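As structure tokens, here come the structures.
Here chain A shows up in two complexes: once beside chain B, once beside chain C.
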Partner chain A sequence: MLHKLLELSKQPLFRVGVLVLVLAVFSGLGYGLYTTQTTPPQPIQFPHSRHVALGIQCLYCHPGAWRQASAGLPSTQKCWGCHQQTPLTQTSVELQKLAAYAENGMSIPWVPVAMLPDFVHFNHRPHIAAGLNCENCHGEVGKMGIYENPQVLNMGWCLTCHRERTQDDPEKRIKLLDCGTCHY
Partner chain B sequence: MAENTIKIPEFKAEWKEGEAGRWGMVIDTDLCTGCQACVAACAMENNIPFVGETDAAYGRSMHWLRVERFWEGEYPEVRTTDFQPVLCQQCGAAPCEPVCPVFASVHSQAEQINLQVYNRCVGTRYCANNCPYQVRVFNWRDWERPEPLNNQLNPDVTVRRRGIMEKCTFCIQRIHKAEDQAKAEGREVADGEVIPACAQVCPADAIVFGRLDDPESRVSQLAKSKRGVQLLEELGTQPRVTYLKGA
Partner chain C sequence: MTKKLSRREFIKLAGAGAAVTVLTGCGPAARYVRREPYALMPEYNYNGQSTYYATTCRECPAACGLVVRTMQGRAIKVEGNQRNPVNLGKTCARGQASLHGLYNPDRIRNPLKQAGRGSGNFSDLDWEAAIQVVSAALKENRPSEIAFLLGLAPDHLFDLVNDLTKAIGAPAPVRFGALSMFESRVTLSQAAQNLFGKAGLPYFDIGRADLVFSFGANFLETWLSPVAYTRGYSQMRKGQSTRRRGTLIQFEARMSQTGAVADEWIPVRPGTEGLVALALGRLVAEISGAPLPKAFAGVDVAAAAAESGIPEETLHRLAKQYADATNPLAIPGGAALAQSNGLKNAESILALNALAGNLGQPGGLFFSPAAPLPDESHPASLAEMSELIQKLESGQVKALFIHGVNPVFELPKALGFEKALKSVPLVISFATFPDETAMQADYVIPDHHGLESWGYQRALTGAGQPVLSGAQPVVAPYYDTRATADVLLAAAAQAGGKLAEALPFKDEVAYIQSRLLPLVTTPDGPYTAPEINTFLASFQQYGGWWQNGEALTTPVGAPLEKTLAPGVAEAHGKGEFFLLSFVSPVLGEAGANKPWLQEIPDPTTTVMWNSWLEIHPAAADELGLHDDDVVRVVSEAGSVELPVYRYPAIRPDTIAIPFGQGHSAYGRYAQGRGVNPLDLVYPALNEAGDLALAGMKVRLEKTGRKQTLARLESRMGVYGEDEH
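Moving on to the complex of A and B:
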């Protein structure tokens, strides 16, 4: 068996085949990794930077952040409420898509970017109540076009902050480092 | 410096003999009619799957809460005893905790209950085998929830995958919700504010839930009753569920 394999490995065609196989596996792995680290395509090329530059507060469109678990996305009606009044809506190509969604009464199929797995239960409210600002976790959204996570949202990142901020409050530390606080 | 030293995580509760615990439950078996409403409500609240006939026959039924029924005497001279809803007793000294090789079955220091950390669990099933109350259940499959049944899933609770152990959490999602609400309003959680799904639906009000470390709460008052017994008390597991029996 081994002998036959050795014989085979001298064949140029076999060597090329092995090379192709190895390359295919590695490029597949690479692509898989790449897709986990990139921002997915969105239905509308939404520029956060322009909206923030106009002085719109984060909480105007994501009002859930200070009172509930989920920050929420604005409804099509909310987008359209402002956009039907702006002259740019008539001329911009991207905004024609918004107009189409609004006219058909459809919600925009945004692709979530700041996603957590099913077994993690995150609540925005206590984080805002603890004095964190949106940009502490979500980065400089005012300088972004389409939103990108400024860091990988993993447990180590959560716990680093939880550890730092509860150094002199042992009771809070127990609560904030407890498995059951996020995983249930 | 202490921050950087590697420390084996605490997997056993630091309990003391006779310590009250935090959250507790009292079930009055004299009031229980065995209607199974708690079983149904628990399944709805906690995304517990229905395993179907075949797997149920293999003993793979999944209930975090079951209603036990005992018969006394020989047929036809039988006398049914009280119905006894059995759920995770949230032991202070839980036998399930020290046997987990990956620390998926840990004691919550904050809430003083036994946790099952789904993303840690590798499915060795040691914990279920070591549980004297037989209240842990194992996901033998990725159970199907054909459309539109997926719409009834509770978003506050993880949908467990195949190969993962699970059990009653005392509806920890409701505990968190009440604690969060109370904190937002700058007050303490009031007695009776946290109601698990089973207690909520009980038509006989046989299930009472609350703080055991508050001597004034309804649950700790009831737990002191002379009728109070705990399941397999002699094992020293320090259960947080008390049964009222024998009026």
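Moving on to the complex of A and C:
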């Protein structure tokens, strides 16, 4: 049995076959792994750049940022409030999806991009109150299509900023570097 | 596979499996859930945060303030409004359960037209057509042929309808509620008028009293303003450095929830409450050594003891207690006044307060302050209701509008309301739920639920200050309902002429603003505002408007100089038992469609989801009745069948049935459950025109059937076999 296999392995066709098989298995595994590590597609290819270029403020669609923990996503009605009046809505293929959501009274199942683990309690409100602008953390959204995080939102990044901005205020520093400020 | 897996290999494989799981599980795709933003965002909503709204409870007319927690446009929890002087942050179970009204699956969801009254054959109507119906009814009938029947809440709607009827010269709207009938409010007000020259609901300062004689006043349950009086009671019970813990003595034939927490329960024979009060007054006067006041001179203590069934020694002991108390207080409750001699009973009991010298004193008797807005309404006595029914029956009324009350259920059947409706060509109901009256209407034009409504309610009693409790919607209306005030305003505008001139308001809120206008400049409120819009914002935020500081007034007059002779009440009908129907402490008059309330065990018997008949075990033994035996109760007016509950805390000559169940409509939770004791009540009146509800004699017949009552006591749910 073993002898026969050894014989077979000397044939080039058999070697190529084995190689193809191994490659197929590995690429299958790799693809499977890849899909678990990438974000799913957005329901609508939303161009932030276009909206910012029209002069729409961030807080117009994400008004939660200045008054609550979550910045919030605009309701379908809010999108439709403007879009039902714009001529582009009639012609754009992408906007037909929005029209369908609005007509059926459905919410748009956006995929969140900037997100933190459940053990972090992030609150937008104090950050805006401290005088930060959206782009300080979220980058040049006005130049992006679908939003992408400009950096990894990890603890080191948070603390670097908290340290820098509290250099002159020891009391504030203690508060802003305390574990319980975000992990409670 | 022939080779056996070794332990080491198994652990290796398991480890590899776990690693793959962790690797893929940590990936973004597993974390990236989809977000579902609103399709239509509710106003003032914060993601993940609750919004709180102050409003007014509509479950009874006491005007308790509520603060309702809402989340994503849904009302999720009701609590009391801490600022409202009536309830100071507390609510009763009925207030808590108002959510079950809001989310009730049987709510009327859009205007309906019924083909054939009582048929339940409803067809949908659009709002334009519904308003057209109302408008035509107002315009095409002569003013004298229009009648409005309103509930005790809300007040803003009464004011609007009152303005409307005044403008066209129609009869003023009639206000009625089962609570006012059971509490004999008209009698109480009339007694105050007779003794002190001023009609109105007295305020009993239970909180600062140290001895309370309550003659059947169930103030911990549904009486007048139960949350306010419960607070007063708890204050009375707290010992303070300056005052000892107060004592409560309850005089009533059947021990109520209030009687159950009293220090002593005196089972007085129904109809002799006034006599007992006079006898006690005489003994108190004798103990104090002062000359005997005229009011108490005519009573014979021994005869009173014999009539009431209270031993003379007990009367002496109680009189001593009353004379020794620093701040004694006597309260006339509903059952004592719902007798043929009810007015005299009320006067006699109120006179005990004058004897104690507690008029206008802390822990004594006051007049409730007048509400901040002028009030032209009063609850209709049964005499006024029968007048209305006669008008309906004679065909004088061509269009009847009903809002906020369910007279087919809440009036004694013998009064014939349902029959009288047959003579009215057009009956329009504004009911939120398909209640018995809505089932007898031609059109049902549904109002919002109370938690979806604007409005205000005057606190008639319960607070030391003048209080106007404000209501605002805590959620957007869930169904295609419309505020009745808006419907009437739209109909008036459509009708044109005098109607449109009298009510030139664009909507309900504009009308409320016009009514609140005088308060903007009234000093001494909790906030100030330069103009009405700012005022309304504060009115909504605070949940109303009230004056700072007490404004209770002292009753004046010489009630002790009056001759009082209540005698013994005449009982109607034949039979061996007095019938006492009392408002269910849990359900109230309209709580039967709320499962939370149905599920609460009755405080004294622990029965749930049903009606029961309370009978003393001795009397039951005589008749051979056991728990859960179904009996037929027969009176002059009718008969009902219900299971027996052997209740030791009732007089052997009295039986009791709670009021609140026995609905033939009113949705899936209420319908076909229990009986309505008002089917037994003969419409005899007292001198003030209130129903002599408690002076009724009935007899019992065995049916030989059994029906197991669901109750908490001595049972594991309804399935336990352990009969006690």
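Operating definition for what follows: the second predicted complex is superposed on the first by the 144 of 184 C-alpha atoms of A that agree within 3 Å, B and C clash if a C-alpha of one lies under 4 Å from a C-alpha of the other, contacts with A are read in each partner's own complex, and residues count from 1 in each chain.
By our rule, a residue touches a chain if its C-beta (ideal position, glycine included) is under 8 Å from a C-beta of that chain, and two chains touch if they have at least 3 such contacts.
This one's a predicted model, so the numbers in the text were calculated from it and none came from an experiment.
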Discussion item. Output check: A:175 vs chain B and chain C. Expected answer is one of first, second, both, neither. What do you get?
Written reply: first
Discussion item. Which partner chains sit in contact with A:64 here, chain B, chain C, both or neither? Use first/second/both/neither.
Written reply: second
Worksheet item: Looking at the overlay, what does A:119 touch: chain B (first), chain C (second), both, or neither?
Response: first
Worksheet item: Is A:129 touching the first partner chain B, the second partner chain C, both, or neither of them?
Response: first
Item to complete: Applying the touch criterion given at the start, work out whether A:163 contacts chain B, chain C, both or neither, answering first, second, both or neither.
Response: first
Discussion item. For A:27, using the defined touch cut-off, is the partner it touches chain B, chain C, both, or neither? Pick first, second, both or neither.
Written reply: neither
Worksheet item: What is the contact status of A:109 with respect to chain B (first) and chain C (second): first, second, both, or neither?
Response: second
Worksheet entry | Residues of chain A touched, compared between chain B and chain C (which is higher) | C
Worksheet item: Does the superposition put A:72 against chain B (first), chain C (second), both, or neither?
Response: second
Discussion item. Looking at A:154, would you say it contacts chain B, chain C, both, or neither? Reply first, second, both or neither.
Written reply: neither
Discussion item. If I apply the document's touch criterion, which positions on chain A are contacted by chain B in one structure and by chain C in the other?
Written reply: 67
Worksheet, complete the sentence: Contacts from chain A onto chain C in the complex sit at residues 32-33, 35-40, 64, 67-70, 72-78, 101, 105-112, 115
Worksheet item: How about chain B: which of its residues touch chain A in the complex?
Response: 3, 106, 108-111, 113, 115, 117-119, 156-159, 169, 172-173, 176, 180, 183-184
Worksheet, complete the sentence: Note: in the complex, chain C contacts chain A through residues 23-25, 27-41, 46-49
Item to complete: Flag every residue of chain A that touches chain B in the complex, lowest number first.
Response: 67, 117-119, 121, 123, 125-126, 129, 163, 174-175, 178-181, 183-184
